[in-house]
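These are the structures, in structure tokens.
Each of the next two complexes has chain A plus one other chain: chain B in the first, chain C in the second.
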Partner chain A sequence: MSHEYNFAFLDENTKRMLRRALLKAVAIPGYQVPFGSREMPLPYGWGTGGIQVTAALLGPDDVLKVIDQGADDTTNAVNIRKFFSRVAGVATTERTGEATVIQTRHRIPETPLREDQILVFQVPEPEPLRTLEPRESETRTMHALADYGLMHVKLYEDIAQYGHIATSYDYPVLVNGRFLTSPSPIPKFDNPKLDRAPALMLFGAGREKRLYAIPPYTRVESLAFDDHPFEVQRWKEHCALCGSGESYLDEVVTDDRGTRMFVCSDTDYCGQHRTEAAA
Partner chain B sequence: MSALLEVRNLSRHYGDRIGCEQIDFDVHPGELLCIVGESGSGKSTLLNTVAGQLAPTIGSMRYRQRDGSWLDLHTLSEADRRRLSREEWGFVTQNPRDGLRLNVSAGANVAERLMALGSRHYGQLRDTAMQWLERVEIDPARIDDAPSSFSGGMQQRLQIARTLVTQPRLVFMDEPTAGLDVSVQARILDLLRRLVGELGLSAVMVTHDLAVARLLAARTMVMQRGRVVETGLTDQILDDPQHPYTQLLVSSVLTT
Partner chain C sequence: MYVAVKGGERAIARSLDLLAEARRGDTALPELGIAQIHEQLRLGVARVMQEGSLYDEELAALAIRQAAGDMLEAIFLLRAYRTTLPRFGYTLPMDTAAMRVQRRVSGTFKDVPGGQVLGPTYDYTQRLLDFQATGEVSIERADEPLAERMPRVLDLLDAEALIEPVDTQSDPQPVDLTREPLMFPADRATRLQNLARGDEGFLLGMAYSTQRGYAESHPFAGEIRMGEVDVIICPEELGFDIEIGSIVLTECQMINQFQGGNGLPPQFTRGYGLSMGEGERKAMSMALVDRALRCDELGETEQAPAQNQEFVLSHSDSVEASGFVQHLKLPHYVDFQAELSLLRTLSEQHARHTTNVPEPIPAQEPAEAAS
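Coming up: the complex of A and B.
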């Protein structure tokens, strides 16, 4: 552990500010709480919001897992994990089951989470209505009045142009029947995992300076039309490495002649599945 | 018959300048009221104030709801004001590009107000949008086209469809035909007259064109420098103007 920084990088007053904001976020599921986002030693868009939330949560006994698009071994995940093991000295893991805090970029692990785990999302754009309504004052009023008809305009437009709801990630959800919320750019495959999940889910947007939360066992409903219900992605293929037919698959191009393979995006799940199959 | 909208002693100032001053009028169910006057006479200020888009400096406005009870528009909360302008009112702007959502298709534009009211059936929304495009004489085959690919007259007709789709009781129109060429104007006015008759809605329309008032409105208000100088039946005002300004206005219309 480095002696140049406070435990988990941020000073105690900043962590207190973050925890207050997080408590408010948990009290009002799905509501975007403004907070004083700090400069972090990595660029905006690389997870500054998630890192601040993680820093405010970590205690010396926590075990941290960091994933990027499901993988433990990509640049973003490796560096954030290394960062916290240096500035907080916490144990890190790649096993979903062993972690107490999981910081994630754009996936929810395939292994079901438990009540004693916290999932921290990195959020680029916390406002689901932003692409439709550029004025912040207007979107805030729309949230205050639960005036969400506009979101369906986008879904209508999807069906009109593509014949089905083509939004495949960052699929808008209604949290606890009240707040329209961006689930961060997770694939819509993961949306059902948000509904009544046992783990606490916290969302941090560093550039936009907003936090929000989905507390355990909260109702999370993906928006849809009566005659075009919500559906998740399905694949004809199985994972080429572990053979799983249930996980979210990445398509990997393997040469310049169109050969491709499908593999699990969750590397930990894929690895465990292979070990089980070998045993 | 009791009025639908009652405006009393309404003033709207911009600092020291007068927008409109001491306006009184009623709108009755099924009536189309025209406000005419030169530019800068306060017509649009009055319309925007009555429609709740500008706060009045002083004065009272009351609106009679479907159940017959009066609603004081001055003390209305933001939530109620939005509900009212979504469910019972409509607003047609002069420039259709202000009233339309240009980055989504024509069908989505028409269906937006229905979705805001809670309609969640795609097939029904689409059918309604088709019907309304036909009603305003737009080819239903263009339902998935962007409004930006429409001509000015088509955009204005699309805006009318989008506004009337929820069957509002009261529609505000701010020079809906200005900026369109004469033949297109005539078609839109014809359309408006037909729809107003079919739906039995009330409307307040601002125009600087006396011919529009003559064609559509039973009653007309003439404004000059923020004040109403003359009000009465349209034919009476146009055929027998009393106020010097109205006389000037009527005599300045080109006749051939």
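Coming up: the complex of A and C.
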């Protein structure tokens, strides 16, 4: 019963279907393109959308980096990287600068990306309006009419109730001035990195069977109000390992008496920063 | 000194070893054979084939063994394998009227042409745990063989025009849900395809809810039949039919009351369920849910979960549901950190607010306070 899998697991016809859907996604920035998502050998919700996009992109010369929570060594990132080195035999790296394709869950690397790089996001819920309106038939209509009043009301209610917008990740963005889009559950800290970025950004939602894209240098605006401008997270602390005061920090509990330390969530950035500091 | 958690790769490798050891169990006992599983656990095999959307008893049995008997995991394994298989073509519609029936019961007529046939069923076993090993069973042959072709019970009602007619000519070519995304509103063929792959437990619960007042549709089990049906393909380049084998199917046709509406006269309506292998509970549940989901077409008010196609069809698939529920165990440090810092801000704000509220009334103006 043994058999050889095709390069990057998916058969070529499926890859072609994916590439067509991706081209459509790039042509209509932020629009969710329905696609014939396949059942992957990893569970839904664990990156099947991102994996399908990566599989459709990879060529034998690509260098792949996979991160989860900004880190290369989290179990799911390890597992997906291993999957591709097994079924595609491509080179892998942990260095952001060396990768041609970066698959990510929940973060955008701190190191700025270049035009010759593609960032692939794993997306659990592609519909930014889902928590406000569960019916797909309704949300599709709202997108068609660019009727995003519901989201603005939600943000306004946050301000009325808490004094500021109470969304800290998966913070809604308007892509190219047209489509309300989920940036995937990245912290809003990363939202500014989406705006007019040189790298192509592709989003895959396997379970929900949707793809979308933010092409290079596309305007990406985080929703806000004139008197309540968009703000990102800030820490009083610096990274305990590399001393960076610029990066997104993970909080680590070091004992049961309330002691905390903060370290970079981007492990590659942190490592490089330490090397530079030592030099 | 804190050291960043490393070694995910090694941890995964060790975990796989532990899993293999746990799955194998006591090595003093022989490993289960694939044939043992599909011969002796045939109903589990049927469920895995049905929800795995692949009729292959050996692969289903292999998946059950590999999954240590976890049916949802076995279904997932089979689906992940199935997705890599090339699609050679599509069969002609299967003719269940020509089924070589092993079981056939109707809850609507005391006797029907071809008779009521119990076949192998757990229905009347009395559910006493049997502590003895199963000995040899001697089967007594019937005096005469079953009819080769049994008319469907619902076709008998059809002849009297008491039940909604089915026009097979107007039946559109179904979309292939394993190749195309599910879009709403979904037509009946698409809904049935989704339900056929749907989780038995989920469908059972939804079906049960329709019997308890949530979209009551007064069902009768018009007919349930189980047996072998021939699988026929007609390759385009040859232009003639070829029988490529036969598979066991369970079909359930429910008869439901209908008061009339949407321009239709009062009549009986149909709910349909079909399952690979022996899957009676699944087929019956599917038929009830199918009927409930027809509310739009029949002009019934949509008021219950079982009638809401987005609700039912988006949540029926065990592979999707299990993956997404269980993805919560993946790291969410980054989002959690974002929420922590937000919550800290909110709670500081709240503390400031609550300490501000009972602002003491200035003592020097007692007269104003009293007014």
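Assume the second predicted complex is superposed on the first by the 276 of 279 C-alpha atoms of A that agree within 3 Å, B and C clash if a C-alpha of one lies under 4 Å from a C-alpha of the other, contacts with A are read in each partner's own complex, and residues count from 1 in each chain.
Here is the rule we go by: a contact is a pair of C-beta atoms (placed from the backbone, for glycine too) under 8 Å apart; a residue touches a chain by one contact, two chains touch by 3 or more.
Just so it is clear, the structure is predicted and the values come from calculations on it, not from any experiment.
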Classify the contacts of A:Phe83 with the two partner chains as first (chain B alone), second (chain C alone), both, or neither. neither
Regarding the shared-chain residue A:Leu150, is it in contact with chain B (first), chain C (second), both, or neither? first
Considering only touches as defined above, state whether A:Phe203 meets chain B (first), chain C (second), both or neither. neither
May I ask you to name which of chain B and chain C touches more residues of chain A? C
Taking the superposition on A as described, I'd like to know which of chain B and chain C A:Tyr31 touches: first, second, both or neither. neither
Once the structures are superposed on A, label A:Thr74 by its partner contacts, choosing first (chain B), second (chain C), both or neither. second
Is A:Ile159 contacted by the first partner chain B, the second partner chain C, both or neither? first
For A:Phe121, select first, second, both or neither according to whether it touches chain B, chain C, the two together, or no partner. neither
Have a look at where A:Phe179 lands relative to chain B and chain C in the superposition and call it first, second, both or neither. neither
By the touch definition at the top of the document, which applies to A:Tyr5: first (chain B), second (chain C), both, or neither? second
Shared contact residues on chain A - chain B and chain C: none
Complex interface listing, chain B residues touching chain A: 78-79, 82, 101, 104-105, 107-108, 111-113, 115-118, 120-123, 125-126, 143-144
Provide the residue numbers of chain A that touch chain C in the complex, in ascending order. 1, 5-6, 9, 11, 34-41, 43-46, 48, 68-70, 73-79, 82, 105-107, 124, 134-137, 162-164, 166, 168-170, 185-189, 207, 209-210, 233, 235, 240-241, 248-252, 254, 261, 263, 265, 267
Across the complex, what residues on chain A touch chain B? 141, 145, 147, 149-150, 152-154, 156-157, 159-161, 224-228
Which of the residues in chain C come into contact with chain A in the complex? 2, 4-9, 11-12, 59, 62, 76, 79-80, 82-84, 86, 178-185, 310, 314, 319-320, 322-327, 330-335, 337-342, 345-346, 349
